[in-house]
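We call the chains A, B, C, D and E, going by the order they appear; numbering starts again at 1 in every chain.
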Amino acid sequence: MDGYYESYVLVAALLAIGVAIVAGALFANRLLRPTRPTPEKLTTYECGVDPVGDGWAQSQVRYYVFTYLYVVFAVDAVFLFPWATVFDAPGYGMTTLVEMFVFLGFIALGILYAWRKRVLSWT
Amino acid sequence: MMGWIPVALLAVPLLGALLLILAPRTFRDVLRTYGLIFSGVTLALSLALLATFDHGGPSRMQFELDQPWIPGLGLRLHLGVDGISLPLIVLTALLTFLCFVYLCWGGSRGFMSARPRALVFTLLVLEVGMIGTFLALDLLLFFVFFEIVLIPMYFLIGIWGGRGRRAASIKFILYTLLGSVVMLLGLLLVWAQTGTLDIEALSAAHGAGMPRSIQILAFVAIGIGLAVKTPMWPLHTWLPDAHTEAPTTGSVLLAGVLLKMGTYGFARIAIPVLPEGAAAVAPWLGAFAVVGIVYGALACLAQRDLKRMIAYSSVGHMGFVLLGFATLTPVGINGALFANVAHGLITGLLFFLAGAIKERYHTSEMPALGGGLLATMPRLGSVLTFASIASLGLPGLAGFWGEMLVLFGAFQPANGLPRGLFLTYMVIGGLGAVLTAAYFLVMLSRVTHGRPRPAPDFHPPDDLVPLDDHLIHEPPDERPVTRLGSPATATLVPADVYRHELLAWTPLVVLILLFGLWPGLLLSLTTPPVQTLLGAIS
Amino acid sequence: MHIVYPAVVSALLFSIGVYGVLARRNTILVLMSVELMLNAVNLNLVAFDVWLGDRLHSGQVLTLFVIVIAAAEVGLGLAIVLALYRNRRTVDIDHLRDLAEPADDPARAPARPAPVRLQPDPATRAEAVQPDDHRDGESAPVNRGGGTR
Amino acid sequence: MLEVVLSFVVILAVFLVLPLIIGQTEHKVMAHMQSRLGPMYAGGFHGWAQLIADGVKFAQKEDVIPAAADRRIFMIAPGVALVPYLVVLIAIPIDRDRVAVDLDLGLFFVLAVMGIGVLGSIMAGWASANKYSVLGGMRSAAQLMSYELPLVLSASSVAMAAGTLSLPGIVEAWQWWWLPWQAIGAIVFFLAGLAELRRPPFDMPIAESEIIMGPMTEYTGMRFALFMLSEYAGIVVLSFLTTVLFLGGWQGPFLPGWLWTLLKVFFLAFIVIWLRVTYPRLREDQLQKLAWAVLVPLSLAQLALTGIVVVLT
Amino acid sequence: MIQQIDYFLIAPPLVLALAAALVLLLDAFLPVRPRTRIGLGLVTLAGILLSLGFVVAQAFGNGAPRSTFCVPPGLAAGQALCSFVVDGFTLVFAGMVLAAAVVVVLMSMTELAGGAIPVGEWYFLLLCTLVGAVTLPASRDLIMLVVALELVSLPVFALTALKRYDGRSSEAAVKLFVVSVVSTAIMLFGVSLLYGIAGSVYLSRLGEVFDPQGAAGAELPAVVTVGVVLVAAGFVFKIAAVPFHSWAADVYQGAPIPVAALLSVISKAAGFAGLILVLVSALYGQAGTWAPIVAIVSALTMTAGNLLAMRQRSAVRLLAWSSVAQSGYILAPLAVAATTPGAVGTSTAYLVIYAAMNLGAFAVVMLVSRTTARNELDDYRGLALRRPAAGITLAFCLVCLAGLPPGLAGLFAKVFVFREIVAGGSGWLAVVMAVNTVIGLYYYAVWTARLFTPAGRAEPSLYRPPVTAWLAVGLALAAAVLFSIAPQLVLDMTSLSASG
């Protein structure tokens, strides 16, 4: 149990170091760089012309189907990893493998369906 | 034994109804005789029941049938007949049959003209429910039949009724439904306390095993349900509307049978099963009853509508019946049961007559009818006079004995009941009887006597059917007053009694006379079972 | 580590989620709050699993399933919200009043004229909408004014 | 304790030096592949100090934050993009028993933390309040979504083969014949990793000719440098991971283990550069289709193959 | 260490799942034609019937509870801990759900004939819900219970929203969704607490731990109460009981009518199965905590449902609130379940009867909805005269719901409940229920009355309902009539479940 927490303490330490590096770099940058902001400089860059409308203007998003697909499979991966570590342990074997493939088959069915319904290709 | 007769009594009309649903087209042409045949067979069966009934032991349950139905509830298909239910069963079969007679030859003027199949169906289902109620010997079964009656009666009023039928039918069904639910609670209370639903066993136990408070509670609950149906005074308000708007057959069956189901419930269930509760509540019951008598009579005096007046008279008559029950004496209850049957016959006849008049004049408003019925239609007028006199309790006719016995019962109520109070009730009841006489005589003087006046609002027969769909859009209860000054209708005076009407009325007239002259016929049937039922109190 | 730490953290997380659900009217934010609640559940489950030393690791297994459930809920929820937004141009729960209890008592006003329908009735609608493939938001017909009655 | 400090020093060295080397290599390799010289002046010998010079330049440039931007998120986004790659290194073994922390969920940890890096792009894209940037952020997110899956599936294939999620454990279990056995998985993993890094040909989210570096449009100076650094750090990490998972990490004859590891990493990094020069940019829908219609089924097939072989042997 | 799987036992959900997969494949590969639509419906129907066949076959087995997915003996510490148990309780619920599903599919075939709804998705989601609903009553651990419950819920959201370009439909879905996910989260928190206290997710083990008389239950922390209440809350949502009832009417109205039927019967059955399993099977020792809550919730639910139903003009809304009220009735016996052994059976019996009559009502309402745009009560005026079969069926089902003869099924169902709660000593609840029955009578009667009052203008209805619609109506009516004549059938079936 101690080793468990300790290893993550180390991770946290490294994380802190990483943050420190970034912060340090930015701090150094602050010391070195000039600061002469002008309104023109601070406008949003849109190929040199004056920006049109809101920067967060809503635009067409076609990705959500992929998001759903991703969620499905990512979730499937959640089960895959614990299984992957034990499926060949003594006493499991072929049955376990087949079961997982039944599971994966059901999920693959989803992607097959999406493909047939032309969700994956854009018109 | 002849256990099959009760089943057949239920099965025959049910079969008729089902056949009508399953093969709708087959019987289209024979609908008139169809209903007549099925109700006739039922009547024949009931007469067979009457004939084979062991008149030596009317207090014993006969023709018993006892089959488990829903063991999980302890509900059994328990049917049987004794001296209390026998006359009512025969009365039901008879009145239904007469209704069909009336309809069969009523021609296109009758209600047969609109939705005849549905009408026959409704009446047959109604008959199943009514007979079943009188046959049932299981609390839940009783309740089921009691409720089954509501639906066809509701449609009878709601579809074939007069102009205010919607409001009337909804009022009818809401009142009775509310009453039923309360009654169901009471029944369940009894069941929860005793663990049985068997009426025979329960009445034999005479309330053993139920504490007094529970009995009172249960009696009040059951009593409310029954009293709505009876109807008892403050719960009666559905009755005048229902009667007024119902078609003739509906009114006849409503007055002749349905009201009896309430009182029958008192005799069959409430009093024998819950004697202590009955004893505790009886003074109140009596009080409501006499209020009902007086109120009914006074209300009658104020009525302009013939049907409405007869309906209010029912309230008064049923008040007598309830008063009889409230005495808890054999005399009083016997009287109540007698008055019950007599009221069924007489009021049935009265409603037939009112229907006939309404059919002819297209109104039952007494002012609109004018007077002189005896002169214009002597036979109709005389039957009306006869029925009214029977209803007001003239000695020698059926109406007399029941009310007299009830008043006797009130004179000497059961032990434990406050005698002074019941004496008061008796006095008020007597006063009510006088008032009854008064309003009937007033009615007769307005309708049968006096100067004949041509019916101003007479339409050709083809326009007679009161259920055109467009009527529904008129606001309920806003009956247009008769169109005055319509020209020259004197030549179109409607005919006197038709043959089919005579056919339908004669048995009733005969029976009224018979029971009036020979009350023992009925009393011999009811007395022994009443004795046993009251075993615990007396 | 004492069990009380994760338990308290989880309870706090859950409470924040509940607050979000109650205070936020934007469907997406409600959804996120629910995710917080579910994560509180996960934290609880894992902590209890370790604390109990459950040999069956029921807590962890349930955690996996809760993750799945959460993912499925989010996926579905977003899809529904998207569909709603296409039809109504709002994702505010309080503006969803098209289906609601009738405002007045029908017994008192039986002849009240029928409320103005935002949707044309099915027959006319079928004509109005071209049956093209709407996988994106732009070409979907918008029934405007859905929430602003 | 000393060991820990030592390993951290190594990690930092790897993290700070290797990206530079790879960046320089990219300059030179690309140049030579395109028949030109590339940087030749900075530092003298073949322009070895070019990237350092670039770094100095970046450090001195003004840091412009657009007025419309979401300031705070804008400012921290580069850090978010960069730091995860550093943290990932903690779990990667360089030689036998040379790993800072042997996490028993190492593979899981690594994949999870790598995913955070993309968050930096999305944050940058959003915070810039620039249409191009928002679009680029969206594309980054979509790409992450699509390619995370084959990445994870093929990685889990290795985990299945080794029966552990620990990275040193996987290397330990590695046999030479895993090379053909896991070949599909390796390719899928590598390609998916590239796509997550948005390296060409998967650089649609930052396509400079189209959406002007996407999320990074508004960035200048040091913050932009951090993004660039994170890209090369990503290549390092990806190469390390592929090495560890599929190429047997430190395993190899004759040479010391760490050298094998580095060799394999450089080899992979070279391939990354090579791909950039060789292939044109994929269109957005092609990107998605490649992921879902090719890589995911392939990785599933690899899973099946792995499972069957493991059970049978 | 592999758990042995008894495939015969899990056949019902398995068949459904395979059917779902098949439907999806067929939808993907078959050409889009009206014939395909019908074909998919038939495949779905076949899957459900096959599954039902397995349930029946299991019912005619030797009767002893059989279980699968058991913890291997080495880990179970001497107890039999199983996740999937097939006993009377399971079979009754599964059978009811599947039978109802047949009707729902028949209704769907009518609804989908319009073409506004993607067919493959529809049937697929429907089958997914059914998998959950069939699995739920067999689940005997919290994990399976939670997963099955979600499997019931999630597809329904999608089903609700499947009518594209219909703002009402997506509004309904959002409302359902938000309430549902919140209640799920609440329930899961409760589950995590229970797990933390008991250290196990198996219901049998939970039962031992939470039994105050038991060995382990000497000193239970107060947080148990919190856990119990939170878990119950999750299921209370599914059955649309107070305080999670507000979604019912909006969702029923917005959703396609088969989905409303599904919500009101299948999803509700699943909710009750879960509630019974958790409260009666796992937490019977804590009855002191939950029994009063259940009683109060039951009373409030029936009251709220009835009062709200009274003022509705829309048919579906009225049915929605009435089904909320009916939930209250079904819930009532559970309040005394800890003291009277038959209470669970009574609830189940009511549920079975309710399913039949409610489906009948929905089937007719769907028929009417094809011809009327708004589907308000006034549209039903004269239905019994225009379409006698539909009108009389609806009348019968409404009368059944009201609990009046000749709708004996409803009457007897109410009588069962009355008896149970009176016997269990909750007289006040019986009184509340009686009052509610009266209120219920009012609106059912008013609606029934409309069926028979002649319409002002007999509008010519061009619509000819397909045979499936009549089949749905007929099946539901047949069940309702059967239960009216022989309610003992239901009692016999559900008394099996009393032990569960």
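By definition in this document, a contact is a pair of C-beta atoms (placed from the backbone, for glycine too) under 8 Å apart; a residue touches a chain by one contact, two chains touch by 3 or more.
Molecules present, by chain and UniProt name: A = NADH-quinone oxidoreductase subunit; B = NADH-quinone oxidoreductase subunit M; C = NADH-quinone oxidoreductase subunit K; D = NADH-quinone oxidoreductase subunit H; E = NADH-quinone oxidoreductase subunit N.
These numbers were taken from a predicted model, which means no experiment stands behind them.
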Labels of chains that are neighbours to chain B and to chain D: none
For chain A and chain C, chains touching each: E
Chain at maximum distance from chain E, centres defined as averaged CA atoms: D
Most central chain, judged by mean C-alpha position against the global CA mean: E
Pair sharing more residue contacts (C-beta pairs) when C-E is set against A-E: C-E
Label of the chain whose CA centroid is most distant from the centroid of chain A: B
Distance between the centres, which are taken as Cα means, of chain C and chain B, whole angstrom: 59
Cα-centroid distance, chain A relative to chain E, in whole angstrom: 39
Interchain centroid distance [CA atoms averaged], chain A/chain B, Å: 82
Distance from the mean Cα position of chain E to that of chain B, given in whole angstrom: 44
Sites on chain A at which at least two other chains make contact: 61, 67, 74, 89, 93
Touching pairs - complete list by chain label: A-C, A-D, A-E, B-E, C-E
Residue ranges of chain E touching chain C (in the complex, touch as defined): 71, 75, 114, 116, 141-143, 146-147, 150, 154, 157-158, 161, 164-168, 170-175, 177-178, 181-182, 184-186, 188-189, 191-193, 195-196, 199-201, 249-251, 253-254, 308, 311-313, 373-374
Chain E-facing residues of chain C, complex: 3, 7, 10, 14, 17, 21, 27, 30-31, 34, 37-38, 40-41, 44-45, 47-48, 51-52, 54-56, 58-59, 61-62, 65-66, 69, 72-73, 76-77, 79-81, 83-84, 86-88, 93, 96, 98-102, 105-107, 114, 117-119, 121-123, 125-126, 129, 134, 140-141, 143, 146
Complex contact set, residues of chain A against chain E: 89, 91-93, 95-96, 106, 109, 112-113, 116-117
Chain A-touching residues of chain D, taken from the complex the two chains share: 4, 8, 11-12, 58-69, 78-79, 82-83, 86-87, 89-90, 100-103, 107-109, 126, 128-135, 138, 141-142, 145-146, 148-149, 152-153, 156-157, 159-160, 163-165, 212, 217-218, 221-223, 225-226, 284-285, 288-289, 292-293, 296-297, 300, 303-304, 307-308, 310-311
Chain E residues within the chain B interface of the complex: 399, 404-406, 408, 411-412, 415-416, 418-419, 422-423, 430-431, 434, 437-438, 441-442, 445-446, 449, 452-456, 486-488, 491-492, 495
